[in-house]
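Each of the next two complexes has subunit A plus one other chain: subunit B in the first, subunit C in the second.
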Partner chain A sequence: MSDVKGETTLPPYYPEFYGFPPFYTRQPNTLSWSSQLSQWRSFILGYCRAHKLWRLNLVDAMDTELFFNKSINRKLPLPTIREVVDDLVKTSNAEWLSSEKSIAYIFWRTPEDFASQIYGWIDSTGQKNTVLTLLELTEGDHSTDQEFYGMDQAMLNKCLNVLVKRGQAQVFSVGDDKGIKVW
Partner chain B sequence: MAFRRIELTPALRPLLLPNETLLFVQDAVGLYEGRYKVPNFQNGSAYLTTHRVCFVNNDEPRKYSVALELKDVEKYELYTGFLKSSPKITLYLRPSNPSLLNSGDRSASRSPTKTPIQTPPRSSTPLPPANTPRQWICPICTFPNPLPSNFGSSAAIPPCLTCGVKPNRAVIDVAINPSAPTLRPPNERSDDSMLQAGIDRSKNACPRCTFINDQALRNCELCGEFLSLSDIDDALTSGNSLSRNESPAPAYLGSVPSGEQIDSVKLSFRAGGEKPFMERLKGSMVQRKWLLEQAPTAPTITAGAANLTLDVQDGEVSFNNLPVSTERVIGVRGLERQNRNLRMNNQRAIAGAFEDLEALMSRAKEIIALAENFATQLADNPSLANSDAKEALDQSTALLALRPSDFSVTKDQISSSSSSLSLYHAELARSIADFLADDRRSILKKEGGAITLVDLWAIYNRARGIELISPSDLENSANLFDKLQLPVRLRQFKSGLLVVQERTRTDEKVAKSVLAWMESLSEAESWDKRVDRRWGPSILARDAAEKFGWSIAVANEELEMVEELGVLCREVGIEGVRWWKNPWITAS
Partner chain C sequence: MRRRVGLAALDRRVQDSQTWSSHGASLRRTHQSELTTQLSVFQAALSTFSTQYASEIRQNPKFRSEFARMCTVIGVDPLAASSSRQQDKGGNIWAEMLGSSVNDFYFELAVKIVEVCRETRTKNGGLISVNEVQETIIKKDRSTGGGGTGLQLSEDDIIRSVECLKPLGSGFEMMKIGKTMMIRSVPKEFNTDQAKVLEVIQVLGFVTIRLLVDNLGWIAPRAQAVVDDLMAEAFLWVDEQEGETSYWAPCAL
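Up next, the complex of A and B:
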C-alpha cells in the first residue's frame, strides 16, 4: 500500500479515480463536483479508517498518499481539501479542532456509531454498571481489537456524550481523569 | 408595373447588383401606387441605391420586398406633407415598355468583344447609344446600332453610329416594340425601313442577308448577324425564362381600379428623412450609374492615364462614347487578335490605375478582376506557378476584394431624424451580418464559426478601409442581431467575452464535435505516460484552437462551455488547464 505503482496494488478503499488527473482539480461544474466530492469524502474516511487516523492535519496530510498521487504527480490543493473536510463537518463526519481549520477530527464512523460500538463492547464484556476510565476504553488491553481503540480523547468525549444523552451512561470527573459508568 | 420582386441577402437587405452601391436607407416608409396605398407595403425600409429604389417590408421581408429601377423613372417630385399627411416622394414612371424591362442582363452575354471603331459625332443626346442589346438597323448603311436604354417616345432620335444619319422614327419603333409591326399602318414607314420590317419576322429572318433562321437562333447562321431580338426574345423570356439575376415576373401589387393608369409610385416617409432621400435620388438620377453597368467591359484608356482622373460624369461620357463593334474576325487569327487586345487593355488598365490613388479607387473593380484573373491563370498553369508570385497575387486579390462597397453602411446614408441612431445600428448590423455571411470571404468559417467582437471589429474595419466604425457602434449593432433575426448572433461567454457566431451553431453541436474529435485522437498522442489509458486523451485549449480554427480566447470559452454541459472536465496544472472527457457525468 505504501508504494503505489499501479491501480491493481491499491487497497480497495482507494477510489477508481485516484489515477485520474482531473480528480485533483476542483471541478467547476456542479454535477461533476458533487460526484467528485463524494468520492473524496469516502476516500478520506476510508483512508483514515485503514490508517486509524483520528485527527488530520491538513498541511501534513497534503503530502501523504491521501492527497498526493506520486505516480501521476498530482496533488489536491489545500483549499479544495478544506472544502471537502468542510463538507464532512456538515454531515458530522469531521470536526474542526479550531476555527483556523488546519486540523480536523475525522469521524470515519459517526459519533452515534461509535457510541453504539462502545456500548456493545461494554455490554458484551460484562462491564455494565462498573466504572471505567476513558483510558481503559481507548488504550486498555482488552479493547485492542475494537475500532475505537486509540481514539482521541476529545472525540471519545463526544461519543460518550451521545450515550449520556441516550440515558445509557454517566460520566464522572475524578481529578483530571474521567470515568464512565454504563447501565 | 415597374415593381419587381427582389432577392434579399441573408441579413434581409436588398441584394445589390454588381456595381450597385447603397446610397441611403430610411425606415418607416409606406408605398403608394398612384393614389392608393399598397396593402402589405406600408411599413418597411426604403433603400436607395445607384440603380434602384428598393422597399423591404419590416415584418415579412422575404414576402414583400420590391424594387423599382431608376431607369424606369421619368421624373420625381417631393411633397413636403401637410398636417396629418406624411411627406412623400413621387416617382413618375416612363410609359411602361415591358420589352425593355428584361433587357438589362442580356447585354453582357451579347457583346463579347467590343473594339472601338469610328466615334460618332457627339450628339446632344445625354444618353449615348452604347448600352442596350436592342438594335436598330440603319436604313442607309445597314449598320446595326444599339438602342439607348432609356429611349422613350419623347427622346431625340440618335444618329447612326457609322454614317451619322438620323433614322426615321419608325425604324426605331420597330426595334423597341417588336409586336408593333403588324399593327402599324405600313404607309408610315420609309422604303428602307419597309425593307427591314417587311421581312417576315415570325420566321426569324436575318435582317442583313434575309436568310430565314431557326426561331431559337440569336445569330444568323450565314452571316453571323445579330438577329433582331424581338420575337425570339419574347418567346424565350416567356417560355424558358433565361434571365438569371432576379425573378423576372413583375409583382403586381394590389388591385387597381380599372381604367386608371398607374404611372406613378409614391414613397410616404412617415418618420421623415424625405429630404436627404430626395437629394440622393436627385444625385443618382443625374449620375445614372446604371448606364455604366452596361458600358463596355474592356477598360478604355486611350493614351496615358489622362482621362482617369476625370470625375464620374466625365468618365461616364467617355465610356459611353465608345461604340459597339460588330467587326468580327473568325478563326485562330480572331482569337489571337482578341487575346492581344485583351493584353493591351490589361496593360493599360494596370498602368493607369496605379498612377495615382484616385485613379486606383475608380479602377478598383477592374483591378480586382484582373488580379483574380491572373491568379487563376497562374494556378491553371503549373509551369508558371511560382509559388511566391502566386501567394502575392492571392494576397493582393484578397486585400483588394476586401473593399466592401456593398457592405459599408455609413452614417450619412441614414437620415438624421430622431430614430436615426437605432436605424443606423440596425443597418450596420445587417451589413455586418452580410459581411460575415459572404461566401467569398467565409470569415466565420476561417475563424471556426465564432469570432470575437474585437477581431470582428478589426476585420470589418479593415474591409471598410474608410469610414471606420467605432467599437461602441459595433457593439450596439451586434446587440441587435437577435432582434433583427439575422443569421448570426452575439454570444456572451461566462467570462464576459463577446463573440459573434452563426445562429445555427448551438452549444450542443460544438460539444459533440469536440467530443468526437477527442475520441478520434490517436492513443499514442501527447499525454502523460503515467496516466492510465482508460481516461482517454487530454487536450489543451491550444490544441482545440488549432483544430477548430478558433482563437485561443474563443477556444477557452468554448471548452468551458462544453465543461458546463458536463462533457469535459478540467485539470489545472502547471501548463494551464488540461481538458479530459468527463467520466463523472457520463458514467452516472
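Up next, the complex of A and C:
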C-alpha cells in the first residue's frame, strides 16, 4: 500500500517502497530485484527531474534523501546505486563521466526527447534560422519555463548532436561560446 | 352392506381409485398453477428490483453485498447466472431476471483484479491483500476519471469476483493469513510452516530466524528453510541493514 511512504505525504515520484526497509538491501531473488530496480530507476529520474539535478555524484548523493531514508535509518549501498545507474546507462537515461563510475549525468528524459523539446521550443518561438548561443538556450530569459532550462552544458551538447545527426541543426563556434542554428 | 362383498365391489374399488387420482391430479394442477404464479410474481419482482436499483447496485457496495447475500439466501447465484449462458433457457434464467448489471459488475471487477495481480507480481511474488487490490483499483479508477461519481468497492465485492474466476481454473485463490484476506495469483500451496511465517509477518511486520526459533519452538535450520523457500518464490524480501537479517513481506505492507 502506498501508505508505507510514511505519515507525511511525499511527492508522487517517491516509490511505493520508500519506507520498506528491504528496499535498501539488494534483493537476491531475480523477480524481486527486477521490481526493486525499476522502482529505484524511476525514483532517481523523478527525483533529479524534480530537483533539476543534471549530474549525480554517487558518494554525495548517498547521504541525501534520495538514497538515505532517515526515518527508517536505511541507506542504499554504493555498489547497488552503481548497479541501478548502470542500468540507467543501458537505456540512455544516464552516462558516466569517467570510467571510475563516481559521477553520472542523469537524463531524466533521454537525449532524443530533450532534442525534440529543444527543437520544438525553437520552432514555436520563431527562432528557426537564427543563431542561438548555447547559454541562451539553457540560461536565457525566454526558456526559463522549459525543462531543459539550466541543463549541464556537456549534456546539452549531447542533445544538440542528436539534432545535428537528424539534419535539423548546425553547431558552430561563436567566440568563446558555441552557437546553434536550427532549420 | 354385506352386498358389497359381491362382484360389484370390484367395480367400486376401481371407481374409487379413479376418483382419488383425478382429485389428486386436480390438486396438483392448482398447486402447480399457484406456484407458477408465485414464481412469475417473484421473477417480476426481483427483475424490477434489480433494474430499478441497478445503479444503486453498481455504486453502493453495502447495498450490493446485501443484495448478493439475499440472492444467496433464496438460492439464486447472481454470478452463476450469466456464466452458464446456454442455449436452453434454464441456464440463464437468473441472468434474464437480474438484468446484466449485477454479474457484469463482478466480471468487470474480476478483470481489474487479474490486472492488479499481474502488475504487482514481481514485487509481491503473487500474494496480495484484498485491501491493497481494493485500494489500487479505486485509485486507478480515480486517475482514469472513472464513472464520475467514483467507484465504490467493498472487500466483499473483491472476494465475490475472485470466486467467479474459479471456473476458469486460473489459479486465483482466496486465502486467509492471520486476520487478512489475501489473493494468491500463482499456483502455489503454502504448507503450514510457510503459512505460519506469513502470519507472524502479518502481525510483526517482519521475522528473523531467532524470532521464529524463540516463538514457535522451531530449530534454526527449519526456520531458515521455510524462509529461504518463501524468498525463492519472491514472497519475502530481505533486509540486512540492522542487526540480524530480517525478512519482510511486500504483501503485508
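Odds and ends about this structure:
Please note the rule applied: the second predicted complex is superposed on the first by the 175 of 183 C-alpha atoms of A that agree within 3 Å, B and C clash if a C-alpha of one lies under 4 Å from a C-alpha of the other, contacts with A are read in each partner's own complex, and residues count from 1 in each chain.
By our rule, contacts are C-beta pairs under 8 Å (C-beta built on N, C-alpha and C of every residue); 3 or more make two chains touch, one makes a residue touch a chain.
Keep in mind that this is a model prediction, so the values were computed, not measured.
Taken together through their common subunit A, the two structures put subunit B and subunit C in a clash. With both structures placed on the common chain, the touch criterion links A:Val174 to neither subunit B nor subunit C. By the touch criterion defined above, A:Ser71 lies against subunit B but remains apart from subunit C after alignment on the C-alpha atoms of chain A. Applying the stated contact rule after C-alpha superposition, one finds that A:Pro21 touches each of subunit B and subunit C. When subunit B and subunit C are set side by side, the one touching more residues of subunit A is C.
In the overlay built on the shared chain, the residue A:Ser35 is in contact with subunit B and with subunit C.
Across the two superposed structures, the residue set of subunit A contacted by subunit B and also by subunit C is 17, 20-22, 24-25, 27-29, 31-32, 35-36, 73-74. Within the complex formed with subunit A, the residues of subunit B that make contact are 528, 530-532, 535, 538, 563-564, 566, 569-573, 578, 580, 582-585, 588. For subunit A in complex with subunit C, the residues that touch the partner chain are 1-4, 17, 20-25, 27-29, 31-32, 34-36, 38-39, 73-75. Residues 121-123, 125, 131-132, 135, 139, 206, 231-232, 234, 237-242, 246-248, 250, 253 of subunit C are the ones touching subunit A in the complex.
Every residue of subunit A that touches subunit B in the complex is listed here, in rising order: 7, 17, 19-22, 24-25, 27-29, 31-32, 35-36, 71-74.
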